[in-house]
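First subunit A sits with subunit B, and in the next complex the same chain sits with subunit C.
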Partner chain A sequence: MAEKVKLFVNGQEVEVESGKNLIDAIGAVGIEIPHLCYHPALGADGNCRMCLVGIEDGRPPLVPACKTNVAEGMKVQLDTEKIKKIQRDIMELELINHPIDCPICDQAGECKLQDYYMQYDGQKSRMTVPPVLKAKHMDFGAGVVHDQERCILCARCVRFTRLITKTGELGIVNRTDYARVTTFPGRPLSNRYALNVVDLCPVGAMTSKDFRFKQRAWFLTKSESLCHGCSKGCNIYIDHNKEKYQDDIIYRFRPRLNQQVNGYFMCDAGRMTYKLENDNRLNTAQVFGKETSLNETVEALRRSFSQAKKTVLLVSPNCSLEQMHAVKKLSATFNTVLSGYSDGYINAGDGDDFLIHDDKSANRTAFALLGIESSKSAFEAALDGADLLVSFQNDLCRSLDDVTLAKIQEKTKFVYIGSYQNGFSEKASIILPVASYSEDIGTLINADNILQRYVKAVIKNVQVSNLIHVVNLLGGEIKNHEEALTDLSATIAALNNIDLKHIPSEGIALTGKEVSNVAA
Partner chain B sequence: MQVKVLSARFDIPDAHKIEVAKENGAYSTLEKLFEMQPVDVIELVKQSGLRGRGGAGFPTGLKWSFLPKNNTKPVYLAVNSDESEPATFKDRYILVRDPHMMIEGIIICCYAIGSHDAYIYIRGEYTTQVKALQAAIDEAYAAGYLGQSIDGKDFRLDVTVHRGAGAYVCGEETALLESVEGRKGQPRSKPPFPAVEGLYGCPTIINNVQSIASLPFILTNGPDAYKAFGTEKSPGTHLFGISGLVKNPGMYELPLGLPILEVIEKVAGGLRDGRKLKGIIPGGSSTPVLTPEEAQTVTLDYESMAAHKTMFGSGGIVVLDDTVDIVKLVENLIYFYHHESCGQCTPCREGLGWMLKIVKKIVRGEGTTADIDLLRELCDNIEMKTVCVLSAACTMPVRSYLNKFRHEFEAYVKSDVSCQTAM
Partner chain C sequence: MSDRSQLIETGIPFTFDAQRDAEFERLVKRYPTRESMILPALWLAQEQEGWISAEAMGYIADRIGTFASQVFEVATFYTMYNLHPMGKNHICICRTLSCYLLGKQEIVDYLKHDLGIKPGEVSEDGQFSLEEVECLGHCGTAPVVQVNGEFYENMNVDKLKELLATLK
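For the complex of A and B:
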């Protein structure tokens, strides 16, 4: 635990963490200091002047809180008339040249200017002269659209491209109120994290081309989840909305703070995987191309199981720990071969030193923990003589080409139990749709051995069964998610001492030793 | 009234050339300098009471002593030759007429503070001056006064001239450092102060041209000779630029402490015939204006200016007579500071533009008394809320004009509709 210091805020003694600036330290105990340019991941710049606070007996008596570290006995004044007037004045100055086009601004509802106006300003406009006009809807590239008139020049976006991506595409040109954020001519935003500037922007100056004009922020339900785009396991918000007479649709993913995993950010590719949750989903069960009910399909599947001489169960590295465990149990019950073969999910060389990993699946680490073999040779050996291949979410087309698959299909019947239409679902004789991760609860272990939980976010109009339930219907032992957790804790040594039912929001870091022990 | 301390060689033909300058005493202090300990040089400058001539008047010796003890990093000297404050034209004389005086001063300063690399930041518009300065530096290198071994002593000193690109704000010391480092000239937040963390993250002393140029005289003649000029708290002499509506505008070297009206009358020739004094800008455009009544008791020194709620500034005196339109003067003033705002801090960036539009509205005859009040209030709302003092350099004088010449603004306000339009 970090050292504590005692200081006074508005005359009241508070104990806060030392070594932090006033905004973070005092903010941690629930006292807000308004700020626009400061962001914990980007450091203090001190340009907005919104966080000016009084320091009693201080020299100087007025300081930017973002640039001032807490000190023992410091007397911080936030509620004096002087400070309140400064906050009002700064807000007035922020707004005089702002277009105040909230009705058509995507940021409305989650805009710092709106919030702070209500909280710290509330004055009528005294602007009787024309405002400064600047460029609007500029395409900055990478799906980012910029509005210079809405911009308050806090430079968060500029600092992001300089400090975080180190690509430096953005800069502020010109001085005085002609100053504006822009790109170099012919050099648009071109980094794989560019859309983070949309989240970082405290106002509506940076908008996402993809999200623009789709939804008002206040209609969106913000559910916590985990990105399944790669093995980093970035924490996200799933922003979704069910409009009247419509289905529950996801409109965007946004990064959710987890210092242990992704910090404040996520990559653009992961952000766009929300589309997979909306589109090209499997909604109806099919047996040889004919739509069937769940019961009919399960019957057909059970028949296939009993008739098959050799069955191979293929599980996806995107399945949750619980799902994998349930399938593993099923495999043991029916004495089938279990494989996690999914080489196609790995895009070697695509990863970087920040958040993006080569492995485009979310839970491959769990294979090792559960002892699920995923090598190509083992999979090929398993297929030898197999006449039934049941895939759980695994799109084998990513790993094998059509010619090879066609050859396998000559002898083997394909069954797909999954959420998405893909190459493999098209080839499968029996298709059984199950809930995807945005509609289910589950546990993932990311590439850094951090165990995290995602929860149900979306409730579709037509609800399909979750994978564990389907596995249970097929004859699997595990009945539900809860039971899977209990069984995992009991049977997997590495998880013995972990309360899987209460996973903290930042996740649990497993030691690499536990995992490799089990795998070996 | 005029004296010849800094301007001693100004009228000697070709004094900018090293041989002429040397014949007339340039570089004669170096022998003595290298016999002294650096701390003793600092002490000597402290004793002389020399105050920074850039405008703030901070004691030069004291500034030098802020360098961290037991420092292991290089120490830099940055000479501020940005001279951008409107109505200020003193450093340019030194740069053109006696650049060797400044180079000698740089050697003294660098020896005292332990610096081996000095940068001269000169404003971009000073094309003649930069040529003269660079020629003098080249001469000094050739003559062995700069380079690996100064005057044969075991002391290296390199001087680099860095030209600005025309931004007023680069005269602010940390913006100057940003500019030297190759970035957009925007002031840095302080602390850390440049003496601790300045150029390239190293301890840096930033001094004005005239402060540096005063050093050879102090070293040659001792602190007492320097203190013989001026007042107790404002010792020495200063190059005053007197402009505006006087008969003989120009640059005059005067000891500090002289009555301002007497200087205008006797040195600058007084007002044009038949004109009445309306006001005096005492030390560059950013200093609050003095009314004729206030000017009666003002003397040209730091303490008298402070007592009259204005500033000594850069010694750029502007005399305003009864033909001057104060409202248009304020419009011009705000235009300048708005144009020169670096755009970093919200109050200055947005506020000065707003103030400019309001004053233009008043000039157009479309203003109201509410606009005058708003202009006055904005001065308070903007001032001292920013990283640097550029905004205050605008609001302080504007407030003084609004307070002291409000009737002129009111004369522009045709129809008095009070607060209605503003709300």
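For the complex of A and C:
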């Protein structure tokens, strides 16, 4: 634990963590200091002056809170008339050239300028000179659209491209009230994290081409989840909304702070995986191309199981720990072969040293923990003589080409139990839709051995069963998610001492040793 | 003040000539970081071409190894960098306090009339360009006019006529 210091805010004693600046330290105990340019990941810039506070110890009358560290006994003043006047004046200056187009601005509802205007300003404009007009809807590239007039020049986006991605596409050109954010001609935003500038922008100047004008921010339900785009397991908010008479639809993914995993950011590719959750979903069960009910399909599946001479169960590296465990138990009950073969989910060389990993699946580490074999050779050996292949969410088309699959299909019947329409679901004779991760709860272990939990976000009008329930209907032992967790804690040595039902929001770091021991 | 962010692209790749290339390499040793070369390198480009194009800024950024956006920022911040072609004779008139009080406006008005251009413009034949600038540091001999970097002090309309005659 960090050391604590006691200080006084407006005469009231508070205890805060030492070594932090006033905004972070006092903010952690619920006292807000308004700020526009400061961001914990980008450091203190001190350019917006909104965080000026008074300190009663003989230093200059007012100091920026972002650049002032807490100290024992410090007497901080946040509400003097002088500070209130400065806050009003700053708001007035910021709004001189601002278009005040909140009714059509995507940021409305989550805009600091709007919030602070209501909180610290609330006065009529005294400006009589015409505002400086700047460019609207500038396409900065990488799906970012910029409105120069809404910009307050805090430089968060500029600092992001210089400090975090080190690509430096953005700059503030000109000076005085002609200053504006722009890109150099012919060198647009072109990094794989560019859309983070939209989140970083405290106002509505940076918008996402994909999201703009789609939804008002206050209508969105923000559910905590995990990105399944790669094995990093970035923490996200699923922003979704069910409009009247419509289905629950996801409008965007946004990064959620987890210092242990992704910090404040996520990659653009992961952000766009929300589309897979809305589109291309499997909605109806099919047996040999004919639409069937859940019960009929389960019956057909049970018949296939009992008739098959040799069955191979294929689990996806995107399945949750609980789902994998349930399928593993099913495999043991029916004495079938279980494989996690999914080489096609790995895009070698695509990763970087920040957040993007080569492995485009969310839970491959769990294979090792549960002892699920995923090598190609083992899978090929398993297929030898097999007449039934049941895939749980695994799109085998990503790993094997059509010719190879056709050859396998000559002798083997394909079954797909999953959430998405994909190459494999098209080839399967029996298809059974199940809930995807945005509609389910589960646990994942990322590439760095951090165990994390995601919870149910979206509730579709027509709900399909979750995978564990389907496995149970097929004859699997595990009845539901809770039972899977209890059983995992009891049977997997590495998880013995972990309370899987109460995983903290930052996740639990498993040591590499625990995981590899089990695999051996 | 005005918007200087609309850069002109010539479509022709820019490089320093041999002399400026050598000068760049000589200067770069002076500074602890290569980024410090942004200002001098922009001067070199302006010296060479008379103005700074988008290509020149891109070249300087790549040569230094910094972001083009950073060179763009610096070049648009300082108004002494010309971001469009200037006349063969570039005339700057100081408009700050001392020169203002001692009659810079008469000089500007005469030039506007004589050359047919306003400050910020270039004459059609490309011979002259006119600009009002901030303090040139010669307040003791105001009003002051600068032509292609040369100072002409204690100016008035008569002296200006003589000066223009030598330039035309």
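Simple rule for what comes next: the second predicted complex is superposed on the first by the 519 of 520 C-alpha atoms of A that agree within 3 Å, B and C clash if a C-alpha of one lies under 4 Å from a C-alpha of the other, contacts with A are read in each partner's own complex, and residues count from 1 in each chain.
Here, a contact is a pair of C-beta atoms (placed from the backbone, for glycine too) under 8 Å apart; a residue touches a chain by one contact, two chains touch by 3 or more.
Keep in mind the model is a prediction, meaning the values are calculated, not measured.
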item: Touched partner set for A:K479, first subunit B, second subunit C, both or neither; value: neither
item: Which superposed partner A:T176 touches (first subunit B, second subunit C, both, neither); value: both
item: Partner chain in contact with A:P130 - subunit B first, subunit C second, else both or neither; value: first
item: Touched partner set for A:K67, first subunit B, second subunit C, both or neither; value: first
item: Partner chain in contact with A:K209 - subunit B first, subunit C second, else both or neither; value: neither
item: Subunit B versus subunit C as contact partner of A:F184, first or second or both or neither; value: second
item: Contacts of A:K310 with subunit B and subunit C, given as first, second, both or neither; value: neither
item: Subunit A positions touched by subunit B in one structure and by subunit C in the second; value: 172, 174-178
item: Complex interface listing, subunit B residues touching subunit A; value: 167, 169, 184, 189, 338-347, 349-354, 357-358, 360-361, 371, 374, 381-382, 384-387, 421-423
item: Subunit C partner contacts - residues on subunit A that touch it in the complex; value: 134, 158, 161-162, 167-178, 180, 182-187
item: Subunit B-facing residues of subunit A, complex; value: 44, 46-50, 52, 62, 64, 67, 85-86, 89-90, 92-94, 96-97, 124, 126-130, 132, 152-153, 172, 174-179
item: Touch list for subunit C against partner subunit A, complex; value: 1-5, 7, 9, 54, 57-58, 61, 66-73, 76-77
